[in-house]
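What follows is a pair of complexes built around chain A, which joins chain B in one and chain C in the other.
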Partner chain A sequence: MTLTSTARRLRRPMIRERRRETWYAIAFVAPAAIGFLVFYLFPAIRGVWLSFTNYDLFSSGEFVGGANYAQIVDDKVFWNALLVTAEYVVINIGLQTAVALLMAVLMQRLAKSLVIRGILLVPYMVSGVVVALLWQWLLDYQIGIVNNALDFVGLPRQSFFGDPALAIVTVALINVWKSMGYTALLLFAGLQAIPKDVYEAAAIDGASEAKAFWRVSLPLLRPVLALVLIVSLIGSFQIFDTIAVTTKGGPVNATRVIYYYIYDLAFNRYDFGYASAIALVLFVILLGITLIQLRITRANKSDLA
Partner chain B sequence: MKWRKSAAVAAAALTAAGVLAGCGSSDSDSGSGSGSGGKVDLSYWLWDANQQPGYQKCAEAFTAANPNISVTVKQYGWDDYWSSITTGLVSGTAPDVFTNHASYFPTFVDKHQILPIDDEKVDLSAYQAGLPELWVGTDGKRYGLPKDNGLVGLYANDGLLKDAGKTAADLANLTWNPTDGGTFEQLIAHLTVDKAGKRGDQPGFDKGKVAVYGLGLNGAGDGSGETIWAQYALSNGWQYYSGSTSKPVFNYNDPKFTDTLKWFKGLSDKGFMPSLKVASSGIGMQASYGAGKYAMTTDGVWSAKSYFELKDVKTTIAPLPTGPAGRQSTTNALGDAVTATTKHPAEAKKLLVFLGGKDCQSIVAKEGVVLPAITSAIEEAKATFKTNGIDIQPFLEPKTSIEPVVPQWADAMAIFKPAMEAFLNGQTQADSFVGVNDQINALYK
Partner chain C sequence: MTTIATPRRRFRIGRAGAWVLVGVFILITLFPFYWMLRTSFSTNGALPSHSNSLLPAEGTLDAYRRVLGLSSVSEALEKGGSTASVDFWLYLRNSFIVAISTTVVQTLFSALAAYAFARLRWPGRNVVFTIFLSALMVPPIFTTLPNFILIRDLGLLNTFLGIVLPNLLMSPFAVFFLRQFFLNISTEIEEAARLDGAGHLRTFFRVIVPMSAAPITTLAILTYVAAWNDYFWPLLVGQDENVRVLTVALGIFKAQTPNGGGPDWSGLMAATVIAALPVVILFTLLGRRVINSIQFSGVK
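What follows is the complex of A and B.
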C-alpha cells in the first residue's frame, strides 16, 4: 500500500461526513427559511410589483408605472396619517421607555418578589383587541369608571376617544400601559447583566444612587436599550388593533394612522395597488429609521467588553 | 345594516409592510366538493349570529325538500366575514351562497364575482314594495332576493317618559320641521334633564351638565345616514341622489339636506342630544340607553329584540315623527348571492330562491329577530314579536326610501364620513357639503 492510496481512503469518509453535515444544516435551517421565503420574501417582492399596478383583488391588475407613487405626493390623508403615526410613536415610545426604565430599576432595587415582577407582565399577556375593548368600557364618557371618578372629584368629564385632541394620546397611553411591563422586563434583564463590582467601585468613589444610575447603569445598558428601542419602535409604527377597535381612524382623521389607512384602502376600497405603494414607502421609512438608530446608539458595541 | 356596530371588531393586525398583498390568485378547489351518487353539498355563509338558528332550520327544510342537496351553514363576525368572502372569491374557497350587503353588492356585480338569477322563476310581487329593486345590478340583471325589511323607529325609555309626565300616546303623532323641530323637539327638550333636575324646556337648564339626554346619538354614520339623520332629511323632501344607480348624482348640497343637518347639530348645541365627541367616546348608544342616560333613540327594527332584553330599562316603540314631506324611514334589506366560483350554480340558485322564499321566510319570521321582506310572513313576525312583548307596528307606519346601492360606495364614504364628523364636531359649517358633494359626484363622471 502506498501512502497516496491511504490518504485517498482517508479523504473519502471526510467528504462524506461534510456532505452529511450540509444536509443536517439544511434540515435545521429549512423550516425558518421556507417560512421566510413563502410568507415574507415572496409576498414582499409581489408587494413591490403590485405597487406599480392597479390590482384590485378581483382582476390581475395592469402596470401603471409610477402613478401610485405620484398619487401619494398629493394625498393629504397620507401625509396626515404619517403625522398622526409620528405623534403616536413619539408619545408611545417616549413614555413607554421612560416608565419601563423606572420600573426596571425598581424591580432590581426594590421589588424582588417574583409575584410582583410577574404581575407587571400581565397586561402584555392580554390580546390587543381585549385591551382596547377593556379601555373602551373604562373610558366611556357616560358610564365609564374613569369619567365617573373625574366627575366625583369635581373635574369635567373627558371624551377620550371622541375629542380630536385627545384620541391619539388616549390610544398611545393604552399601549404604554399594555407594553410597559414587557419592556421593563427586557431592561431588567439588561440591568442584571451589569456586574456588581462596577456599582461597588462607584459606591467607594462616593457616587449617589442617582449618579450611579446616570453614570453606570445607563451607559452599560445601552446595547439592550438600543435593541428594545428598535424593536418597540417598529412595533409602535404598526399600531392598528387598538384603533380598529376603538376609533376606526376618527374623529375625522385624528387617529387615521398609516397602517389603518393602508388596511382601509386595500380591504375596504380594494385599491391594493395604491395600498402597496404606501406600504412600500412605510418600509423605506422604517428601514431608514432603524439604520440611523443603529448608528447613533452603536448597538453592536458594549462598554463592558 | 349595522350589526357590526355591536360586534367586537377583531381585524387582524398586519405584521409586515410587504405581506399586505400576498394573497395568491390561483384557482384551487372550491369549498364545496360534490359527493358521490349525484349528491351535492352546498355551503352557505352569514354574519349575523342572531339569524343563524333560523337559517339553520331553513337549510334543513331545503334538504328535506331536495334530498340530493345538503347545506352547511357557517357564521363569521362582520370583519372576518368580508375578508373571507373576498379572499375566498379570489382563491376559490368562497361559499356557494352567502348573505350579501348593499354596500358590497355593486362591486361584486362590477367585478363579475356573483351570478345573476334571472333564469329562476320568482314572484316579485310577493315582497314589500321597493325592496326587490335593491338586488338588481347596474347591468339590469337580478342577483338576489330581499330577505328582511330594515325599517327605523323611535325607542323610548318607559320610566323616563313617566318621570316627565308623558305616555306612549304622546309619542304617536309627533311632528317635525327643520326650523324649530316641531313637537318632536319639544318632547326631546322636555325629556332632557340636567344634574340639578331642571328639564331642557325649563328656565335655568344647564346644558353643560346634562344627566339624561332627550335623544341619543349613534355616531356620525355614513352617507346613508341610516337611523341617524336620514329619516329627517327624507321627511324634509330630500332624496339621496338622482340619475341611475350606475351614474348617480348625489344631493348632499341640497338645502333640504343642509337645513336638516343644521337642525340636527343644533340638538347637540342645545344640550338635548350628546355631541359627537361624547357619543363616539365609549361603548355605544345602546349601552348608554340601557344605563338610562338617553331617554329616546332612533334605531332599526333589527335591534328591537336587544332593546327589550335590556335588564334595567323598559322600552316603548313609537313611529318616527312626521315632517313637511310626511313620515319617512330608510329601508334596506339583506339578500343572498351565488358566487361565480360555485361548482353547482343550478343547485346554489335553487337554494337562494328557497332562502328568500315564503317557506324559509316564515321560519325566519317565527324566530322574531328581523322583519321579513316577504309580505306573507309579516303577520307571523308581528305575532312572534308580540309574544316577546314587542309591538312592531310603529315601524310599518312611515313611507320608505331605499338607501343608496351604488358602485364605489367605499370611495364615496372615504370622502363623506370625515366631512360629517368634522361638521358634527363643529370644525366645519353645513355649507362644506357643497364641496363634499362635488368631490363625490366627480367619482361617477
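What follows is the complex of A and C.
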C-alpha cells in the first residue's frame, strides 16, 4: 500500500465528517436564522421601502420618492422632537453618568457589599411603566410626597409633568433614578479591572483619594466609560415608556420626543410611510453618534496597555 | 504629633461622609418602593388627609381586592376605584405566558445557534455571525413598524403568538452572549464526547449545556425580565383583554381612572406592586448571577 492511498482513504471520511458538520450547523442555526430573516432583516429592508411610500395600513401605499424626506426638512414638530430628545439625552446621560461614577467609586473604595449593589440595581429591574406610574404618584401636585416636602421646606409646589419647562427634565430625572445603579455597576466593573498596585503607587506618592480618582481612576476607566456612554446614549434616545404613561408628549409638545413622535405618527395617524422615514433618520443619527464617539474617545485603546 | 493626627482625622471624616452618601443613595432608591407599598395598603379616599403619614392611610387590603377583581363595581367606585373592570389575575397570567414562552424558546434557539457559531466548522460562519450582530445596531422602532404590518397581515393581532413571535426565535444579544461562553469551553472535553460516539446534538445537550448552566441561566433571567417589562410591542399588538400583559394593563388602568376626585392611587400602586413583585422576587433569589454578568459585560 502506498502512502498516498492511505492518506486518501483517511481523507475521505474527514470530508464526509466536514459535510456532516455543515449540515448540523445549518440545522442548529436554522430557527434563529428564520427569526433573523423574518423579524430583523426583512422588516429593516421593508422599513427603508416604506419610507419612500405613503403607506397608511389600509391601502397598499404608493411610491412617493423622496417626498417624506422633503417633508421632514419642513416639519417643525420633527425638529422640535429632535431638540426635546437632545435635551432629554443631555440631562439624562450627563447626570446619570456623573452620579453613577460617584456610586461606582463608593462601591469600589468603601461599600463592596453585593447586597448594596443589588439594592441599587432594583429600579433597573422594574418595568418602565411601573417606574413612571410610581413617580407620577410621588410627584403629584396635590398630595404627592415630593410636593409635600417642597411645601414643608417653604418652596412652592411644582407641576412636574404639567409645566412645559419642567416636564422633560422630570422625565429625564426619573430615568436617571431608574438606570443609575445599572450604569454604576458597569463602571464599578471597570474600576475593579484597574490593578491595585497603581493605587498603591499613587498612595505612596502622597496622592489624596480625590487626586487618585482624577489622575488614576478616571483616565484608566476611559475605555469602559466610553463604551458605557455609547450604550446608554443609544438607549436614552429610545425613551418611550415614561412619556407614553405620563405626559403623552405634552404639555403642547414639551415632551414629544422622537420615539413618541414616530409612534404617534404611525399608530394614531396611520402615516407609516412618514413614520418610517423619521425612524430611518433616527437610525442614521444613532449610527453617526456611535462612530463619532468611538473616534473621539478612542474606546478601543486603554492606557493600561 | 499633630502632623500625623490631622490627615487621619480628615480621612475618618471623609469616610463617614462617604458612608452617609451611600446611605442617601440607598434611601433614594428604596423610599419610592416603600411609598408604593404604603400607598397600596391605604384607603384611597383617606390619602389626601394623610398625605404625610409614613404609615398606610387607614390601612386596608381593598386596593388589592379591587385590582384583582374581587370587589363589585359599585363597591370599587365607592372606594374611589374606576368603573372599568380590572382583573390583574388575568394580566398576571398573560405576562407569565408571554415571558416564560419567550424565555424558553428564545434561549434554546439562541443557544443552538451560538453553539454552531462557536464550535462547529462550516463555510460562511463568520459572515453570518457578523450579519446577525449587525441587528444590534438597528433601533428597535425601525423594525417594529414593518413587524406590526406583518403581524397584522398574518392575522395575529391580539394573540399570544403575535406578542411573542418577533422575539421568539432569536435575539442577537443572546446569540452573542452565549457564543462568548461557548468559545471558552475546552475542546478536549467536547472531543472526548465525540470520540465516545456522541453526535453534535448529543454533545450540545449533554456536554455544552450542562457546562454552561450558569451563563445560560443568567441569560434566561435577563430575557425573562426584558419580556416581562416590555411595553412598546405588546401595546401595539396586544390590547385585547384576553392577551393583555401587566405593563399594557397598567397603562390602560391609569388612562381609565376617573378624573373627578383624582386617580385611584392606592389601586394603581397595588397594581404596580403586583407587576413588579415577580421580577423583584426573581432578582432577590438569583440577583448575584445578574450582577456578576452585568459586571462581566462591563469589563468585556
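The working rule: the second predicted complex is superposed on the first by the 284 of 305 C-alpha atoms of A that agree within 3 Å, B and C clash if a C-alpha of one lies under 4 Å from a C-alpha of the other, contacts with A are read in each partner's own complex, and residues count from 1 in each chain.
Note that a contact is a pair of C-beta atoms (placed from the backbone, for glycine too) under 8 Å apart; a residue touches a chain by one contact, two chains touch by 3 or more.
What you see is a predicted model; the values in this text were computed from it and never measured.
S.K.: Could you classify chain B and chain C on chain A, in the superposed arrangement, as clash or fit?
M.R.: Superposition check on chain A flags a clash between chain B and chain C.
S.K.: For A:Val198, select first, second, both or neither according to whether it touches chain B, chain C, the two together, or no partner.
M.R.: A:Val198: touches no partner chain.
S.K.: Could you look at A:Ile34 and tell me whether it touches chain B, chain C, both or neither (first, second, both, neither)?
M.R.: In the superposed model, A:Ile34 contacts chain C only, not chain B.
S.K.: Once chain A of both complexes is superposed, is A:Ala207 in touch with chain B (first), chain C (second), both, or neither?
M.R.: neither
S.K.: May I ask you to decide whether A:Leu150 touches chain B, chain C, both, or neither, giving the answer as first, second, both or neither?
M.R.: Once the two structures are laid over each other on A, A:Leu150 reaches no partner at all.
S.K.: Is A:Leu83 touching anything from chain B or chain C once the two structures are fitted on A? First, second, both or neither.
M.R.: Neither partner.
S.K.: With the two structures laid over each other on chain A, which partner does A:Asn268 touch: chain B (first), chain C (second), both, or neither?
M.R.: first
S.K.: Residues of chain A touched: more by chain B or chain C?
M.R.: The larger set of chain A residues in touch belongs to C.
S.K.: With the two structures laid over each other on chain A, which partner does A:Trp135 touch: chain B (first), chain C (second), both, or neither?
M.R.: Only chain C is touched by A:Trp135; chain B is not.
S.K.: State whether A:Asp56 touches chain B only (first), chain C only (second), both chains, or neither.
M.R.: A:Asp56 contacts chain B only, not chain C.
S.K.: Is A:Ile230 in contact with chain B, with chain C, with both, or with neither (first, second, both, neither)?
M.R.: Neither partner.
S.K.: For chain A, which residues lie in the overlap of the chain B contacts and the chain C contacts?
M.R.: Residues 39-40, 42-44, 46-47, 50, 55, 57, 128-129, 133, 137, 140, 142-144, 238, 240-241, 244-245, 259, 262-263, 266-267, 272, 275-276, 279-280, 282-283, 286 of chain A touch both chain B and chain C.
S.K.: For the complex, give me every residue of chain A touching chain C.
M.R.: Answer in residue numbers: 18, 21-22, 24-26, 28-29, 31-36, 38-44, 46-47, 50, 55, 57, 102-103, 106, 109-111, 114, 116-123, 125-130, 133-135, 137-138, 140, 142-145, 148, 177, 181-182, 185-190, 192-193, 209, 224, 228, 234, 237-238, 240-241, 244-245, 259, 262-263, 266-267, 272, 275-276, 279-280, 282-283, 286-287, 290.
S.K.: If you look only at chain C, which of its residues touch chain A in the complex?
M.R.: For chain C paired with chain A, touching residues are 14-15, 18-19, 21-22, 25-26, 28-30, 32-33, 35-36, 39, 47-48, 51-52, 109-110, 112-113, 115-117, 120-123, 125, 128, 131-132, 135, 137-150, 152, 165-170, 172, 175, 199-201, 204, 225, 228-229, 231-232, 235-236, 246-247, 250-251, 254, 262, 265, 268-269, 272, 275-276, 279-280, 283-284, 287-288, 290-291, 294-299.
S.K.: Per the contact definition, I'd like the list of chain A residues that touch chain B in the complex.
M.R.: 39-40, 42-48, 50, 55-60, 128-129, 133, 136-137, 139-144, 158-164, 238, 240-241, 244-245, 247-248, 250-253, 259, 262-264, 266-270, 272, 275-276, 279-280, 282-283, 286
S.K.: Looking at the complex, which residues from chain B come into contact with chain A?
M.R.: These residues of chain B touch chain A: 8-11, 13-23, 25, 82-83, 86-87, 89-90, 107, 111-113, 220, 274-283, 287-288, 291, 293, 410-411, 414, 417-418, 421-422, 425, 427.
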